[in-house]
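After this come two complexes, each holding chain A, first together with chain B and then together with chain C.
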Partner chain A sequence: MRSKIKKYLPFFRTSVMNMFIYRGTIILWLLLDVFQFFMMVFLWMSVYEYNQSIQGFTLHEMLLYYLVTNLLYVFSDTEAMYIMSEEIREGRISMMLIKPISYKARLYSEVFGRVIGIFSLTLPIVTITAAVLLWAFNIPFAVTGLQVLLAVLFVPLIFMLMFEFAYFFGTISIHTTNVFGLAILMNVVIRIVSGQLIPLALYPKAILTVISHLPFKYISYPTLVMLGKLSTTDALQGLLILAIWVGVFNLFSNLIFKLSLKKIVVFGG
Partner chain B sequence: MEIIKVENLKKEFIIYEKEPGLKGVIKSFYNAKKIVKKAVDDVSFTIQQGEIVGYIGPNGAGKSTTIKMLTGILTPTSGEVRVDGIIPYQKRTVNAKKIGVVFGQRTQLWWDLPLIESFTVLKEIYQISDADYKERLAYFSALFGLVEFIKQPVRQLSLGQRMKADIVASLLHNPKLLFLDEPTIGLDVIAKENIRKTLKEIHEKYQTTIILTTHDLADIEELCDRIMMIDQGKIIYDGNLETIKAKFGSKKIVCFTLKNDLELDLGVFETLKKKDSDLTVSLENKALTVIFNKLKINVGDIIGPVLKQTEVLDIDISDDHLENIIKAIYKNGL
Partner chain C sequence: MKYLKIYSIFFKQYLKGLMEYRVDFLIGMVGFLFTQGAGLLFLYIIFQNITALAGFSLDQILLMYGLSLIPKGIDHLFFDNIWLLPRYVRQGGMDRYMLRPINALYVFLIERFQPDAFGEIILGTFLVITTLTNLSIPFDPVQFIVIFITLFIGIFIFTGLKLATASTSFWLKNSYPLIQVTYNLSDFMKYPITIFPKVMQVILTYVIPYALVSYYPAMYLFGEVSLIQLTLYLVLVTLFVIGLGLWVWHKGLKHYESTGS
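And then the complex of A and B:
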């Protein structure tokens, strides 16, 4: 087991390192996010001028929701799909298949490294933003240890779910060569159905019914738990169902990959 | 001992042909024309431990496809492959531990990292012990002069340096079997020479079985005892270099360096052409080159008349280049 982890550790490490090599780019898009965040603050402020609360969210809660969800959204990474599609299209996948390592585990380690890299770059910025926000709006923010624990338990499962999902779509590119359009569409849809843009509670009932059957709603659960919008029982139940989703998705995407690999075509060199 | 056994191996690709133009694209969208391309067509061979085999053939003949099946990247359409007793595409990672692969047109190194980092990554992947890693890295460093560029990111390396680094990367775990797919592509003469020399040394030291595809026949002449020639998915020759030369290399080349070429009468060669219709004569810048079939004409019949006519400074007589022999086989078949 230990030697197994050791085998994949370099991929994790190099991936984290890459994030710091290209830190200029990353800091640039983080600043963009901060800018976008402040625009949202002003947007919500004007919306709340006429309402005390919307679907049970006060302005303060809404701002906190938006901040925390976006920090944790770093873990809903679908980069695996782009990496795979590129490796398949350019034929670089062959360089991975000649190594005595599992393709999936390697990709897992790489994406995990990437996420940790981005998270460690994001965290200070979010902390500063949060401090400014709490001070400017004088927001009281209190969480219990149990809430934090439950929220933290969700994070790895969300990461795994999104990885499996991206891995499945990446596999599809063995057949279609290009999934770029599909990938962009998927990312937008997930932003909407996960509650990353606005809390799901704000959607009309009909749409909400559809969304509640998808696993992506759990992406906003940790935030809801910390804001006290979700009971402990609901959170625990959510954890269990999410774990089942991950398990099923894992089996499914492995099967599809195994079948697809037989079809792979690598032209030239 | 037999390390590779391939029997009736086939690989077919399905290609969708798209017609040109907008109309064609729309038409192909609804009714794409399916073409089955036989990249490897019923190939059988065995390779013994310790052999160096040159696997040659024109572009698109099926060389790389064969190698990709031997390395477990591609699954054959039918037929059997065994590498050291294992079916590569079924036990890809087990097979991967025993082989080293260099695809000349790609790199297995991490583009953004310093070269030495790539090597440490490989050390972990192949679980090479510290002692072995140190010893081998020192050995290869000395052979290839890696010290100069080992701390540079891979993307900054020259093609020659990158290729050396790639070869080292494929050998760090001391594989039984080494696949080299065009390892000298795009390299200058000195870099090529260096790579060939090193491969020879490595083969002597570790007795590694090497399978080499290349378009540079000097690689073959320097390194290989055996060549396999593939064309349109079928193996058309499998044997040693001497046989192919003896069988197909019936041409001789005579080069004269003349003092001046003014009074030379090429008419004598016209009569010789009656004996050998493939005879070619070229006169360029005081250098006269005659290529003829040695089974049909004696060297003396060529040299004699020239010496009589004009003053000759130098004569060079050689067998046909391997390149010409192979060219003829590609063109006309066996």
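And then the complex of A and C:
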């Protein structure tokens, strides 16, 4: 087990370091996000002008919701899909497949490293933004240790869920050469059904029923837990169901990959 | 005349490529439709919970949004190549434009035609027509012509700003984030500018004047802004933006030093 982890550690490390090489650019992008976040703050202020609370969310809760969701959205990474489709299109996948390492595990380590790299750059910026927000709106900071613990437990599962999902779409590019359009579509849909666009509680009943059957709603669970919108029992139940989803996705994407591998065509090396 | 002929040659060449990748074209267009659709969904959901935003109804806000999408889409359709300027500058790719016996900016601009933009144009047109019907604003030839001209001129606001920000890459090498932040501001044009603080309102009116293609023409249709005000504003601000774009481009091109290879 230890030697197995050791084998993939370099991929993880390189990937983290890669993110730090481009820290200047990444931080610049993050600052743009902060700017857009504050534009959103003004929008919400005017939405709440005549309302104390919308579907149980006060203005303060809404602003914190967006801040935390955006921070944790870093873990809902679908980069695996882009890496795979590029490796398949350029034929580099054949080099990867003949190495004595698992294709999926290597990809896992790389994407995980990337996410950790981005997260460590994002965290300080979000912390500063949060401090400004709490100060400007005079929001009391109230979150319990249990809530944080529950939220943290969700994070790795969300990461795994999205990795399996991206891995599946990456596999699709064995059959069709262009998945970028599909990727854009998929990312938009996930933003809508995960609650990153707007809290799911605001949706009309009909849409909500559909969404509640999908696993993507758990992406917003950690934020809801921290805001005290979910009971401990609901959160624990959510963790369990999410874990089952991850297992199912894992089996499914492995199966599709195995079947697709037989069809792969790589142009001369 | 020479310019038109060259454009038609480029365009024919482009169509041949498009015919080869029909599915890509469709997926790209649907992708952009979806991205805009998410923004619309957001507005729709919010209006499920409130009745007015800063005193405007959903239809009034969608009209502003639709108006801004049309020039944005047309600029996207014809002048998308500007986005690649930072890369050309870094890799020394500007050489070939400067060597041709024709205006460098012209060849650079026409090199790419981006049909993905039809998603935005179609959605914008659809929004304008439906909201005008819903708001029961009567058809008036004068207003129609005024809006038509405003939107036409509005295209060059997008192009001018993109050109000005992209041209800074002649000095900065990577000005991509700068183009992106300026361009992304136009996403906020789906809301009336009065919801933002005074500073932002001034910026969106005079410096990065996207309000010119959304808020002000809509206010003109609602009868809140007079024709003279709109025209004066339109002419002065657009001249400034186009002038700025061209000026930065020319300064930048003089500063261009290519690469070693």
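As a working rule, the second predicted complex is superposed on the first by the 269 of 269 C-alpha atoms of A that agree within 3 Å, B and C clash if a C-alpha of one lies under 4 Å from a C-alpha of the other, contacts with A are read in each partner's own complex, and residues count from 1 in each chain.
Everything below uses one rule, namely that a residue touches a chain if its C-beta (ideal position, glycine included) is under 8 Å from a C-beta of that chain, and two chains touch if they have at least 3 such contacts.
Note that the coordinates shown come from a computational prediction; the quantities given were computed from them, not determined experimentally.
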item	value
Which of chain B and chain C A:46 touches, first, second, both or neither	second
First (chain B), second (chain C), both or neither touched by A:262	first
Partner chain(s) touched by A:89 [first = chain B, second = chain C, both, neither]	neither
Touching partner for A:229 - first (chain B), second (chain C), both, neither	neither
Chain A residues within the chain B interface of the complex	3, 6-7, 9-11, 14, 17-18, 21, 91-95, 97-102, 261-262, 264-266, 268-269
Chain A partner contacts - residues on chain B that touch it in the complex	13, 64, 68, 71-75, 89, 92-94, 96-97, 99, 101, 103-108, 110, 112-113, 117, 120-121, 124-127, 181-182
For the chain A and chain C complex, residues of the former touching the latter	25, 28-29, 32, 35-36, 39, 42-43, 45-47, 49-51, 54-55, 178, 180-182, 184-185, 188-189, 191-192, 197-198, 202-204
Contact set on chain C toward chain A in their complex	21, 23-24, 27-28, 30-31, 34-35, 37-38, 41-42, 45-46, 48-50, 53-54, 174, 177, 180-181, 184, 188, 191, 195-197, 200
